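What follows is chain A paired twice: with chain B in the first complex and chain C in the second.
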Partner chain A sequence: MLKMNHVTITFQDVNPPQQVVEDFSLSMEPGEIVGIVGESGSGKTMTALSLMGLLKRDAHITKGSMNFMGKDLASQTQKGWEAIRGKEISMIFQEPMTSLNPVLTIGRQMEENLRLHTSLDKKTRYQKALDMMEKVGLPQPEKLYGQYPHQLSGGMRQRVMIGAALIGNPKLMIADEPTTALDVTIQAQILALLKEMNREFGTAILFISHDLRVIRSICSRVVVMHQGKMVESGNVQEVMEAPQKEYTRRLLASIPRRDCSLRRHREERLRQ
Partner chain B sequence: MKNQEELVLEVRHLEVGYGRGRKYHQVLYDVDFCLKKGEILGLVGESGCGKSTLSKTILGFVPAKKGQVVHYTSRPQMIFQDPFGSLNPGKKVGWILEEPLRFQKEKLSEGQRRQRVEAMAEKVGLDKKLLGRYPRDLSGGQRQRVSIAISLIQGSQLILADEPVSALDVTIQRQIMELMLGLQEEMNLSYLFISHDLDVIYQMCDRVMVMEKGRIVESGPVEQIYREPEHPYTRVLLEASL
Partner chain C sequence: MKVRKNYNLILGSSLAGVMMVFMLAGLVYTPYDPEAMDQALKFAPASLAHPFGCDQFGRDVFSRVLQGSGTTFFVAAGTLILGGGLGALLGLFTGYFGGWPDEMLMRFNDLVAAFPGILLALVFISILGPGKYNVILALGIVFIPSFARIVRSQVIVHKDMDYVKSARLMGCGRMRILFVHILPNIKGTLFSALAIGFNNAVLSEAGMSYLGIGVQPPDASMGRMLSEAQAYIFTAPGSVLFPGLVIILMVLGFGLLSDGCNI
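Up next is the complex of A and B:
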């Protein structure tokens, strides 16, 4: 479904031009959940933005090809992108407060993709929005429809984002750190919701996170990125249990765990 | 644990709220605990539960409605999640580190001050070269090292650390955790370590308090709480985190 081949993304307004993503390859099957994990500056968000045609003007795909369902993404025009975004590929972000429009109602933003990409009448759109709100676990959809983003909690706003992203029934959803700003209990709910939506609609998800714990809980495959390069990729279990590369090992060793406490480990060492 | 009986902080039946009259909104209910010398006490809870209000009350930024806070050490200090907001962007790192020394009672000569700054920079693993840079030139991990150095430069024994590693990449997070543990051992510091991340708390703390809606619902040694949580909310938190 998605095939990225040796993609290189370069910032060309600096001298010398800086490659933020280098020789990145990824393929995804329909309905698959694939993770990209990396620390800040690893190029994971750049990769995601390139798939939405949202790279800033000074960043360009200088090498490689990107193919999505037979369409060449690297050479899309602005108009071409408008037909893809929200319809074929949609995206959710870390902080829904900044990506939801504060002056538009929840209902209007839920319907946005239907208004842009379908010829459904107002009544049908309204009904579809209510259905979707129910599916993503938003209580009292009729009441919420007329409310504004600031009236909702962080978890509910993320549910709105997910609903708005899925309403056009896209083939691929890109989720860029969608649970990073949320409390752990809410994070667990949102991850469960994403899995459920993946099952119900068959939407493939490209899940981007710095947190290997989150990646492990939701993805079947993972790509590890570091400083713009792909370090390692493969089945999540295999990569986590038997990492092949030094950087992956370091990343895994850094994850705080609920066994072998650093504090007590040090105390024991001191005592000896 | 060393010096089992010596306390650095006592919080007794603390009640805190914001607003007055009909708009009064209580945030903390009957918070009661003590922190021993050399101990790392964790405070875990979700956003809005009152974690930060508690640390602000301990430092005297928010008045208590009832109950009291007793300090047994001088100058408790605080470390924040994002040190960028607390570092003066117009000054070099060396100047920022020296600032507390310029205003303290004990007068130091310029040479002495510089010496202390350099010694502290070394302790927290900051390259001397970085003292001549501005905060914006530093990485997140380096900035957190600067704020740790600031908190310790006047000889504070009690540090309130509010999500000190939450904004950092995992590999850097690990380094800062190791640094904080090393400094704790070296100087026998006490930390009140606030985090929403149960795994980080497990790694760092001796005891943990679980806070829900302004109340401490459970507290005890980390190993025990994680193995046999008694309060339903503690169980919810432990199960929800991955």
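Up next is the complex of A and C:
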């Protein structure tokens, strides 16, 4: 479904041009959940933005090809992108507190996708929005429909974002650190919701996170990135249990443990 | 928690509301013909029949104030539609797209803003000739830069916000983002700017008419009434007092309204 071959993204305005993503390859099948893990600045978000055609003006894909369902993503026009975004590929990101428009009602924002990409009438849109709110676990959809974002908690807003991203039934959803800004119990709920939506709609999810535990709990495959390069990729179990590369090992060792002998543990891991 | 009452908004909107009714009424109805002269009523003091008294030609001041405020409303509204509308549009586009058109228009704005507004309006009037439509045109052009600037700065603040990003991720086009997503967010600022703009338009029109280059007779205008009546300020204070009072109340009402909107 999605094929990225040896993609390189370069900032061309700086001298010398800086490569933020280098030689990145990824392929995804429909309905799959793939994770990208890496520290800040490793190029995770850049990769995601390139899939949405939202790279900053001075960043360009200088090498490689991106193909999504037979469409060449590297050569899309503005109009072409507008037809892809939200309809074929949608994306949610880290900040549920600020990603909703403060002056539009929740219902209005849930429907935005349908207004843009379908010709459904008002009643059908309303019904679909209510259905979707129920599916993403929002209580009292009729009441919520007319409320504004400031009346909702962070977890609820992220549910709204997920609902709004899935209402157009996209083939792929990119989730860029969707749980980072939420507290741990809500994190678990949102992850469970994403999994459930993946099962129910068959939407493939590209899950970006710096948190290996989150990746492990949701993804089937994982790509480890470091300084713009792919370090390792493969089945989550394999990568987590038997990392091949030094960086992955260190990344795994950096997860804090419950016991106090963190340092010893880390040293042991390194010695292995 | 007790919600603090927004007295500015309450007082401002009621005052502005009353003045609005007054102005709108002036467009369609006056108790006497504002032009009808009656020597017997020359300098007549305020009475039940003539609540604001009569002027040096025996014309009913109340009728003239009503008609004058109607004219003022017409000029101020026209100025806002022209200046505020064009300015807001310019601000939206330059703020959102940036680049060289933004730079060029903003420098042009600086150029217009560097001139004292009333002087610039005088220049326009001397080219176009006086009359209320030309006043609207002149003031409208003078008003464009301030609106453009206010809207532009707001658009720049909002265009990098996450909600705009998520709208873009949903596949919204630029125009849709601008008018459906950003514009409602800057409505508050725009409204209060419009209320201030209305005040400025009222004052500018009064000033220009006072100088004799604004609204021309037979259209009544409060500025012109003030300038005509000032010679008789001690004989018939009413004909100076009431037009002045109406201008003050009008400006005060819309000023408070603007403060009330902008919290």
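List of remarks:
Keep this in mind: the second predicted complex is superposed on the first by the 259 of 272 C-alpha atoms of A that agree within 3 Å, B and C clash if a C-alpha of one lies under 4 Å from a C-alpha of the other, contacts with A are read in each partner's own complex, and residues count from 1 in each chain.
Methods note: a contact is a pair of C-beta atoms (placed from the backbone, for glycine too) under 8 Å apart; a residue touches a chain by one contact, two chains touch by 3 or more.
Small disclaimer: the values here were computed from a predicted structure and weren't measured.
Legend: residue contacts after superposition of the two complexes on their common chain; A:L116 is shown touching chain C, with no touch to chain B. In the superposition on chain A, A:L100 contacts chain C only, with no contact to chain B. In the superposition on chain A, no contact is made by A:R57 with either chain B or chain C.
In the superposition on chain A, contact of A:H150 is made with neither chain B nor chain C. When the two structures are aligned on the shared chain, A:A83 is found in touch with chain C, with no touch to chain B. Within the superposed three-chain model, A:R271 lies out of touch with both chain B and chain C [touch as defined at top]. Touching of chain A by both chain B and chain C, each in its own complex, is seen for no residue at all.
Residues 161-163, 165-173, 176, 181, 184-185, 187 of chain C are the ones touching chain A in the complex.
By the touch criterion stated above, chain A contacts chain B in their complex at residues 39-40, 154, 183-188, 210-214, 216-217, 250-251, 253-258, 261-263, 266, 270.
For chain B in complex with chain A, the touching residues are 40, 46-47, 140, 169-174, 177-178, 181-182, 185, 196-200, 202-206, 222-223, 226, 236-237, 239-242. Those residues of chain A that touch chain C in the shared complex are 52, 54, 81-87, 90-93, 95, 98-104, 112-113, 116-117, 161, 164-165.
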